[in-house]
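Here the chain labels run A, B, C, D, E and F in written order, and each chain numbers its own residues starting at 1.
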Amino acid sequence: MARPDGRRPDQLRPVRITRGWSRHPEGSVLVEFGDTRVLCTASVTEGVPRWRKGSGLGWVTAEYAMLPRATNTRSDRESVKGRVGGRTHEISRLVGRSLRACIDLKALGENSVVLDCDVLQADGGTRTAAITGAYVALHDAVRWLADRRSLAAGLDRVMHRSVAAVSVGVIAGEARLDLCYEEDVTAEVDMNVVCTGTGDFVEVQGTGEAGVFGRERLDALLDLGVAGCATLAEAQRKALAG
Amino acid sequence: MARPDGRRPDQLRPVRITRGWSRHPEGSVLVEFGDTRVLCTASVTEGVPRWRKGSGLGWVTAEYAMLPRATNTRSDRESVKGRVGGRTHEISRLVGRSLRACIDLKALGENSVVLDCDVLQADGGTRTAAITGAYVALHDAVRWLADRRSLAAGLDRVMHRSVAAVSVGVIAGEARLDLCYEEDVTAEVDMNVVCTGTGDFVEVQGTGEAGVFGRERLDALLDLGVAGCATLAEAQRKALAG
Amino acid sequence: MARPDGRRPDQLRPVRITRGWSRHPEGSVLVEFGDTRVLCTASVTEGVPRWRKGSGLGWVTAEYAMLPRATNTRSDRESVKGRVGGRTHEISRLVGRSLRACIDLKALGENSVVLDCDVLQADGGTRTAAITGAYVALHDAVRWLADRRSLAAGLDRVMHRSVAAVSVGVIAGEARLDLCYEEDVTAEVDMNVVCTGTGDFVEVQGTGEAGVFGRERLDALLDLGVAGCATLAEAQRKALAG
Amino acid sequence: MARPDGRRPDQLRPVRITRGWSRHPEGSVLVEFGDTRVLCTASVTEGVPRWRKGSGLGWVTAEYAMLPRATNTRSDRESVKGRVGGRTHEISRLVGRSLRACIDLKALGENSVVLDCDVLQADGGTRTAAITGAYVALHDAVRWLADRRSLAAGLDRVMHRSVAAVSVGVIAGEARLDLCYEEDVTAEVDMNVVCTGTGDFVEVQGTGEAGVFGRERLDALLDLGVAGCATLAEAQRKALAG
Amino acid sequence: MARPDGRRPDQLRPVRITRGWSRHPEGSVLVEFGDTRVLCTASVTEGVPRWRKGSGLGWVTAEYAMLPRATNTRSDRESVKGRVGGRTHEISRLVGRSLRACIDLKALGENSVVLDCDVLQADGGTRTAAITGAYVALHDAVRWLADRRSLAAGLDRVMHRSVAAVSVGVIAGEARLDLCYEEDVTAEVDMNVVCTGTGDFVEVQGTGEAGVFGRERLDALLDLGVAGCATLAEAQRKALAG
Amino acid sequence: MARPDGRRPDQLRPVRITRGWSRHPEGSVLVEFGDTRVLCTASVTEGVPRWRKGSGLGWVTAEYAMLPRATNTRSDRESVKGRVGGRTHEISRLVGRSLRACIDLKALGENSVVLDCDVLQADGGTRTAAITGAYVALHDAVRWLADRRSLAAGLDRVMHRSVAAVSVGVIAGEARLDLCYEEDVTAEVDMNVVCTGTGDFVEVQGTGEAGVFGRERLDALLDLGVAGCATLAEAQRKALAG
């Protein structure tokens, strides 16, 4: 059974990382994994939330959201519903944790960065695209900060790792990399892998809602995910060098 | 006193109307008034809200929102605050009323269109850009509908008028067309003019928070606004022909 | 086609302004435009909201609401629904802006006034009655303040303009002043005009939801509105002198 | 220690019951206990809430609220806070229970009445004034219903009891009837007594937040309350006869 | 007509008071009235809410809640509904008032205690069990405080009274003590009596939703309630001595 | 560095599974992992949510919550805050997904089961204890259902797998099973493993907030988790046989 877009099982969709997509934020990246399109902005503010004041540590947090018609059928806005849904909460927390893994909060000092990841168009893998793009936006924001305020360490020390993420899953018994929406909804196992640029894990989340999975299957998926993240890390490096 | 971007008082910013900007919606337009950038999507659903069932009439409504970092400083998300703010409500209602003025709801039949206007980048005039772009998205959505379901009338009869909007205001005693943010915050009088393609008014809202204004001033602002809307109507025609 | 209550097109309903209607507030006015009955109270507090502290400027804001059975059919309470609706928000903001136009916030100093406009009975024109009554309540509250604390200027300098408002509209092709509910729901064009005592505009909001309107029509409505506001300004003067 | 307004311990404040105070509701009463002023409206709708459909029984419910400046210092609106407070909830439930005690819900048939009790001015005893006024509004609403739809029984059978309420309390060791605000805040014991026109109890709520109370004290308070309710029942009869 | 569990009309269900049921809280009591099971925890924090700062007085407050399946059919969680219901509010306030009656807030000093009463299993009388158990938890928490910080008075002076509560009601014309759920739903009159260990009243709440009640009936219910509270006070003493 | 309670790295805390802990629910289990104590109830209702009607499939969902003083310091109630937090949402979704993996929803037919997991006392591992206990409660609820309504298959076919969960983590460089709170807060890597009774994975979630982890480390943690789940599955079997 071929993939909907004819890719090999271990092949990513075309990845595009556009820096400086919008004018106001300190970091602003439009990231595209095929038809999935996420605007990641990084907003710097001096100071940290109250519970962290006086700690000497900075703070990085993230908020993920989808435009109502990013998907095939329109969803009601969470602002209109008056509450943030469980899925949104969960992904926001995942993005925040992942990004905190790549930054030295002590070296950042008492500054805060909010990463807003707004899905403009969705075709599967929105959370992994969000992490991948947010890393580049964060990097730009910390560079902005380093240019203006004296940080406790150089940019490379503050941003001491890179982080990228990709989805993997099992469809019709085959392990595949970077699922599009059509694959995502039929996956027997669905996993998100978040890795550093040197191939270590930051987060691994695998779910078998429509089935369970053995150790071998898990190993194959992890292999695919690690390889995919390496390719993404390379794309991030190029974007930041460009 | 020159305008920040060197325009003549009666000159619009560069206007760009990109149709089909995103893949899923029945109509999808990225509209730009200078640095103001609004994504307008039109979502068609069969049927109408409960209170309108059996009336034979269609329904068109709008929701306006801003990404948190569309502006110079980040705003908290309304989904996180748990409530839609007064300004958002007010603009959503304005956009909805304006768009309902250009469509024959009887000819539309019991179908609904939701217009989502999400500001990706803000530099003044977001609500007028939203109306101007949403008209084109609505036109595309009604065309989509006309192609698939038999409507009670042809596309030109259903979309029996065009509608566009522009801001005008008084800065340092001078009446100006299409204010950018820097002008907007210092305007003594601020007015939004919504006109049909034939120059009739759909809505006029003028406010003098930092001052009051006489009849002559009002007349001059209306003249500017009508002229600006005529230019925008031309841009809409070109975009729809393109 | 005669008006429901037999008025001439350019005639207001009987206007009554009762000061001191309730005991606790610093200013308290029951304003009646025919059967529309709005209780406007002005509450003074020392100090200003946090975002305005240290500016030396005062603050005036307004909240509009309707009792659930002010209208012909009962509406659910917004407290029970857990959110303030779009219409309520919009009118509260309009009332606040209008009242800020008549007061010198610098001369007020760091004091705040909240204007609560609660519609006890509705028959069209509730927002314009609210503005007209709230002006008188605000005047009384500032007088109360002037009697107790030393303001930076005399009462007449602080309240340097009067402000009143009236609705106008087109029904069956005829421009009419001060619409009652029965007229309001069938109006082709509906406009609210807020003027100072000297006939300048503070705010103009015209909507043609059931139709559009040309410049001549707009001019006729503005003429009617300005004349109506002049009569209301006279009624305010009498009430404050009484 | 004399009472603030010179009343005898067992004396009510002047009571005024004005029927037909507003135009739209099926029953509408302005009730005054001295300076306490509550607008009670009764809104009839055909049918009952979903959970009661098909039972053959009617439904009566109540909502109590205060205008923000009914009291000496302004309270934030519950609509703006986004939630109904505990005190409001508690009183709404008490009013509803009390009114259901005076009506035969079977004879009412599947009709609903909502009693809205909005405090326009507060000086203690707002909940007891609300119950006392709401009874009269409910009576008018049931009469309205009896005039238009055939009920299963005559008006006197549907409204088979009258109900009135009064506060009693201990101030400086003295049992007093119908406390005004100044007394209410200093009361050692505070009790609300709801009685039928024939002197039976519908509800008794006594609280000793600033002290406890013995059986004799309780008995004296009950005696005072029963006598007060009898006087109020007489005032209700007169108002309904007027 | 016998009681469902064969008790005499004036007999309590078996009462169990288990101190130290959970590990973290300063006071923690599982109280059982028959099958009704409430976990009462007392949480001490230094300081008082803002509105009480500098008063030298402590603060005691309570929150009551039910697990969703404490009852026979599952109720939706109030956290999921996004609002605390009227009944919950009402009971939380009752528990708070009752507990404040037994403690000298001046002697407590500026410390706060929150009493959480969570119903794990419900069979009638949950609010009275909550009060009875919360007293013991509060006593333990104040003892904990007295052991660690110097209070202005000894434990016996701070906890200067005990407080307990029980429900009473009329079923089939018979006055009964400590109603179980089956009795509660059919009661003609339902009353909650809160008493001190010396037999004074703290709070009395009697309701006759399915009927009204005369003075004799009320007296009989009060007698039953006072006797029941005396037995509960004895159980509290034993538990605290144990 | 020894574990706080002296356990071996690969040793679970004492596990207790008490069936029938409360009276009303169709399934009710108190599960204890050391000092972590979670009450899991299973509530059966006929029918399924609207979006699933007519599918022939049943539905299983879960809600997780903590009592305010289950932890060392008191947390505000989510009902009082008016919204369910991100962590709560995330865990509820995890529990629901895990339990749906062990039941044949087709064989269940159009019946729903809600699993409420309320943490009465927390000492780390609350979500894994919740899953482990909820499985037993769900089993009892399906047995209850099988006894009363004819299901499409026998109990063993409906509950076609067992499911259990355990936390694993790296503390001071050592991989450990079933972390208590003190270990949890200092863990460099934290992972939750959900397995079937036959050792397949249902869900794997590993996070390295305070560090990243290599493949070998991940493998060691998975080994520990699988072994822990096997022991828990045995405890579940015993409990269900008991």
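Keep this in mind: a contact is a pair of C-beta atoms (placed from the backbone, for glycine too) under 8 Å apart; a residue touches a chain by one contact, two chains touch by 3 or more.
Molecules present, by chain and UniProt name: A, B, C, D, E, F = Ribonuclease PH.
In this text the structure is predicted, and so the values were computed from the model without any measurement.
Least step count on the touch graph, chain B to chain C: 1.
Annotation of chain C and chain F: not jointly contacted by any chain, touch as defined at the top. Between chain A and chain F, the superposing rotation on Cα atoms measures out at 180°, rounded to the nearest 5. Per-chain CA centroids place chain C at a distance of 50 Å from chain E. Centre-to-centre separation between chain E and chain F, using Cα means, comes to 33 Å. Multi-chain contact residues of chain B (touching two or more other chains): 82-84. Round the ring, the chains follow in the order B, C, D, E, F, A when counting starts at chain B and proceeds to chain C. Of all the residues in chain F, the ones that touch chain E in their complex are 22-25, 28, 35, 37, 39, 41, 43, 45, 63, 65, 67-74, 77-84, 88, 114, 116, 118, 120-123. Put simply, chain D touches chain E in their complex at residues 83-87, 89-90, 92-93, 97, 100-101, 161, 191, 196, 200-209, 212-215, 218, 222, 226.
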